[in-house]
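Each structure below appears as structure tokens.
First subunit A sits with subunit B, and in the next complex the same chain sits with subunit C.
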Partner chain A sequence: MIRSKKFVAAIAATMLVVTACGGGSDDDGAASSDPTSSAAEQSEDAPTAGSPGGTLRYAAANEPSRFDVHRSSNGYDQNWFAPVYERLIHQTPQAELEPGLALEWEFTDDTTFVMTLREDVSFHDGTPFNAEAVKANIERAKTVEGSGLANYLASVDTVEVLDEYEVQFNLAQPDATLPMQLATRPGMMLSPDAFENADLDEMPVGSGPFALVEYSRGDRAVYEKVDDYWDPEYAQVDQLEIFYMPDAVTRLNALRSGQVDAAVLEPSQVSEAEGAGLNVDVSDSLEVYHFQMDRSKSEFGDVLVRQALNHAVDREAIVEGLVFGYGQPTTQWVPEGSPFYNEEFGPDYYPYDPDRARELLAEAGLEDGFEFDAMVSTNPIYVRLGEILKEQFAEIGVEMDLRQEQQLADAFFVRNDADAIVSPYPGRIDPTETAQIYFNDESFSNPGRQVTPTVKDAYFEALIPADDRPDAVKALSGQIVEDALGVPMLFPNAILASTEDVNGLTWYLSGHIEFDGVTVNPG
Partner chain B sequence: MTSHLETAHDSATPESGETPEVPRTPWSRFRRRFRTQRVGLISLGYLIFVVGIAVLAPLLATDSPNAQDLRAVLASPSGEHWLGTDDVGRDVFSRLLYASRTSLLAALLAVAVALGLGLVPGLVAGYARGRIDGIVMRIADALMAFPPLILAVALVGVLGPGLTNAMIAVGIVFSPRFLRILRGAAMSIREETYIEAARGLGCSSVSIIGRHVLPNVLSPLIVQISFAAGTAMLAEASLSFLGLGVQPPDASWGAMLGRSYRFYDRAPWVVLFPGIAIALTVLAFNLLGDALRDSLGREER
Partner chain C sequence: MTRLVVRRLLSLIPLLLIVTFLTFSLILLVPGDPAVTLAGDNATPEQIDATRERLGLNDPMLVQYGKWVGDVLTGDLGTSLYRNEQVSETIIDRLPVTLSLTFLALVVALVVAIPAGLIAGTRAGRASDKVATVAASVGVATPSFLLALILLLFFAIWNPWLPATGYVALEDSPWEWFRHLVLPAITLGTAAAAEMTRQLRSSLVDVLKQDYIRTAWSKGLASRVVVGKHALKNAAAPMLTVAGLQVTVLLGGSIIVEQIFGLPGLGQLVISAVNSRDLPMIQGVVVASVIIAVLANLVVDLLYGYLNPKVRAQ
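Up next, the complex of A and B:
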């Protein structure tokens, strides 16, 4: 199969980048811990390392909600933030944690988290970075009006400055996901002197390898390399331009015409991009396409019904038909290979079996099926998925009335406009975070606020930062599948295409892109 | 229609209406003129053909329009799928047939709404003039000041997406066009002597508008309906292209085009056939409109 060949190549390319970047960081465990990296290096023609300098132009599919990181409301904003905002903790493309602004971190007990910070770092406006800056950032993220991050930091009660470069988080309840959170937007540090800047939504002040110099909404952001960034290997290009191009056809055309050097594409475009002589990387991603129910509505409160729906979807066929084989079927919210993957709940845990589904419905007293209404965003790939589901649910006598909705999140999470949605989820490496987002009775993204007691117990178990935590998290991951809280269907691959002048570009498992060590040869 | 035209003829040319046996009714005059319009005849024939397809879709279709085969998406045209399959493995030929229903119905609905909203105010404004005319026309001007598609998108935003709402929105957007044409026609007709005569005989305004003005504005109205049907079909295609029109899995030609243009490289047929259908049908409505304009109305020598 074509897919698997590309898949190997993508892993190999990913490994090369990790190896290349490892030298620059304090901890190159990411490169050495992976047994395949040396093999990959030998088997694959190592791309000739490009020379530093030049401008890299990348086309993104999403635009940032705003550049004020604390008020950012979209997980996909991270692509635009990563160059300019340095995070407390970095992550490798495989979503392993690495030192960033914090050199070390640990839980001293279940509810106390201590970090030792990097010294001699200053923000782009000259403000020094220290424990006070961390405290100010976390406090603003939790309290600023219109905060998009408060939800992720809900467990943090207070932040204490122990000394200039040591900071302590006092938690209201155990939260082992905190380090992972601090490797994403909640860990991005904004200069405290810029908190009151009127133009913060357009002009961020961070301490990252690049500084934003120009931003025009709906069009592009221009970043310039800063000279005194602590990792000299990170920024190889002098200038970085990220373009916002929501339409995949536009992105590919821009790439073909030389308007950009790299772009994220859709599975249907792989053959066209390859035919045009572009380098196409097919990478694994944590993103999940799923069917999300409001379990307080329609017949979704009944586990038998939810299990029936899980049996009604033909995941293999969906992978083939929807993403042309560029994806993996799943019943779990983390992919195989994740440290938290529960082997007992493989992709075949709910095999495609309409007869079994009808039996389960009959058991639930719904021999004649039922009807509900669902929404899907206007993005064509999700509309297609919606149509596919409608057809497959109809097979077991369940009628889904589907309509398109421009502002899907508002319509479902805020206004509760429908019984269910068909949507993508950017994904998390740790199912505890997924549970926090979707399967917790306080979650914003759980519109019915309904959850099974079994999952709730497993969730609290998984929050405790204990040594045997991975087992607790696996148990949680399995419990979510067993209780059929949703219908996850597949992990679509991320498709990244670039011209042959670009070296080192890699997709991060967590669903974003960074420009760590990327070079571009002047065309 | 025929009787109205006859009335029109009678009223418009009273001197010829005096003769007891009418050698040339307006209908026969129209037929005589229209027969010479080859392009118009072809367009009419094509539109009748499309309507026939829409009516007979269930008999003609080779497959259910919504039956998916995820293991054969974007398959090329073959004996099994005459026009190939689309992006979830549905038969393009069968969908195209069923989609003609949606597209025609959409055009019909939009024109009906536009006519419903424009007819009475247009006639009244044109006939009454004065303050009523001023008020009606300012409202129409306000509607026309917006770019049509933007206004339609905004209206759908308020009404909610869906074919019916989208076509109501298009109808609202089109209504000033009908209104202005009717007003203009009514304004010129009200100065005719037979209207004055009717007024002199003591007919009420309502009866004059209904019995004398309306029949005489039918010619420009019919022409405008044909043009508007084509434009409405195009507007439906645009709105469905944007996801505001027909909702999945139902298809209209515009919706088929909107979702498939991104697969053009892999499967040109998913774009080509609905595109051809829209282009030909809109063209036919317009050419028919031209031919009707040339065939209706008074003889001016």
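Up next, the complex of A and C:
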């Protein structure tokens, strides 16, 4: 088992993209001019790098909502998109930003963002990639009916073509998170000639290292390597097949009996997979399991109550009991080692202390505790987490009525059907993005639209692309913990298993998987 | 016989109307809103409203249902709410997987049930009958997911003889098609086999007590003729009824079996459609299932005609 400690070695300086620009690739943009490419880093993990060619078959747990990237409604779609849709900015497995279709980028002032683009790139349908294509993509992403990305690009007012390979984003308000957004789905480029294609939901047209050749919904997507991709190191296999297998037992069976070469698994399967002679890679991830309160309901408006709940949770026990130790307890929304991690608010900031929790409740005038409604999705692991929480809250006299709900987001964010939920959050490297999602008085995922003035101020500070921005972001990260806006509990590890024929496969800190430099030995 | 076929096909119309209307109402009664999922991860309430309006989800239920029926009458099962994808095409893509699985499961059931039922029925009360009866009870009681895991362990993982997951189309490779479906078909067919064994045994026991069988024996006919010709033909009718009903049960059971074996059939489709409340897709699968169930029972009725000339005359 390889236990990667990515945070410690990782992330670091390049994440401070606020004023930074991409690495200095030449205009001809060959990978040789780019020594920090993740393929090079991965080869360190993979002492016996395999030979190019062959087919890699990977079993995924989620299926794509649709292949029209602008109408994609699920963050996990990125795994299926990354082979075919090239992004303006790439991410290394450690979530550092590096050049993709954009070679350089910078904020020229608080609300102006300029990108220099890679030349001589075409989409798979032959359409040239240039500043006009970027403008067309961002505009479609913001305006297409049923857009899944409009919100991530809300700060973008207009996009201006400066010349063929230079494009400027004019922002309505400062938004230092924009480069990070452009390293995920909002930065994926679709051929403007394909905007009106009737089969766009099944047949994407991008400019990535692979082209989709066959997609059968609910079953698999087959990709073939593209010959003239700018980074010849990226696609090592000739063919890539991603299978959709929602059931974890099915994925492990498929892996053990040779129908796939790699699969994402669950913590409970680690020992079985290792026993079967598979390589199991346990990776850190940004995903957070948390308890989210509607702070406009029940007793949650009172910071003392929220702090009491934070003290009532035994995070260590949850990590052991729920994910078999494959996770890290936390009170903060970014993990230790992140450039935005605030050391003053470590995992022990709210130690497990039921007595202290009862004192805080008494201080809030709730000596006899209180009662509230909560929901959890039907996924067994979250249901178990909910049951553990129910018990731990009961110890301080707080009664949580827990029920399962299939459409959790809908029920909580739209219909406000309960006072709280137990839920996973895919996570963001920058707490500013987390604040935008959960702790902003305008955000969809903050059902009561309540936020403390202290966090609100810190949030606006953190949005400004200034030199001292990392400090502002750390301050925000700490303020969210101090005001106890939520109860984050743990970062579960991501479990990736593969046969010994596979080399270089890595789970990305961003919670995604890419196939950069991955090889598979035939046989 | 033509009348029977026509009558059955006509009865499909009210049946489809009732079943699809019930599905429609049930889905709309359950709280939840596809517009929320559709509008995206982080959409504003205004965007969600706009999506709802575009999809016609703000219309009263009867209006929505009326529109759907109108479209179906013109041969249009509609488009998935989530992708620009024809429901009819998606179902036609998925149908062969589920039909193959159901068909092979039925074959498994018959291949096991006919000999087992014959042995048990003709030797009622003896040891071989008891073994068959107990085995049938165990077969009925074994949950399919447990049986699937045992089969997978023995035949796919410890001994890699058969693939654990996936599907290969019959037209691509009949042999691979068969190999991929053996374990799922045994999993799905076992309960049906047990059910049909019990049915055949008990009706055979009844028939063998009849006067005409005693007459046949007393005429000195060979037991092959008495059991095979006189008894089995009469005892087969109730078993056929059960077989027809089993088609519906198998279709339902295929949902779980398809999940376990990663088969891209209607089961997986309907699960994801229900989870995302993709109403046109759910309705499409319901229509397809009702048609299959009615056709299967029609075949059973036609076979009755063969077994029982009295039915033919009507």
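Descriptive notes on the structure:
Keep in mind that, in the parts below, the second predicted complex is superposed on the first by the 477 of 523 C-alpha atoms of A that agree within 3 Å, B and C clash if a C-alpha of one lies under 4 Å from a C-alpha of the other, contacts with A are read in each partner's own complex, and residues count from 1 in each chain.
The definition used in the following text is that a contact is a pair of C-beta atoms (placed from the backbone, for glycine too) under 8 Å apart; a residue touches a chain by one contact, two chains touch by 3 or more.
Computed from a prediction, not measured in an experiment: that's the story for all the values here.
Set side by side, subunit B and subunit C differ in how many residues of subunit A they touch, and the one touching more is C.
Looking at the shared chain after the overlay, A:Gly146 reaches subunit C, while subunit B stays out of its contact range. When the two complexes are overlaid on their common chain A, residue A:Gly511 makes contact with neither subunit B nor subunit C. In the superposition on chain A, contact is made by A:Leu200 with subunit C only, not with subunit B. Of the two partner chains placed around the shared chain by superposition, subunit B is the only one that A:Glu391 touches, whereas subunit C remains out of contact.
With both structures placed on the common chain, the touch criterion links A:Glu320 to subunit B but leaves subunit C unconnected. Of the two partner chains placed by superposition, A:Gly478 touches none, neither subunit B nor subunit C. In the superposition on chain A, A:Val383 makes contact with subunit B only, not with subunit C. Applying the stated contact rule after C-alpha superposition, one finds that A:Val249 touches each of subunit B and subunit C. Looking at the shared chain after the overlay, A:Asp410 reaches subunit C, while subunit B stays out of its contact range.
Within subunit A, the residues touched by subunit B in the first complex and by subunit C in the second are 249, 406.
Of all the residues in subunit A, the ones that touch subunit C in their complex are 63, 65-66, 68, 71, 73-75, 145-152, 198-202, 216-220, 243, 245-247, 249-250, 253-254, 256-260, 276, 406-407, 409-411, 413-415, 417, 437, 443-445.
Residues of subunit B touching subunit A in their complex: 66-71, 73, 87-89, 161-162, 242-244, 247-249, 258-259, 261-263, 265-266. The touching residues of subunit A, counted against subunit B in their complex, run 248-249, 266, 268-269, 271-272, 314, 317-318, 320-322, 324, 376, 378, 380, 383-384, 386-388, 390-391, 402-406. Across the complex, subunit A is touched by residues 31-33, 36-45, 47-48, 50-51, 54, 82-85, 90, 93-94, 149, 152, 156-157, 160, 163-167, 259-262, 264, 268-269, 271-272, 275, 277 of subunit C.
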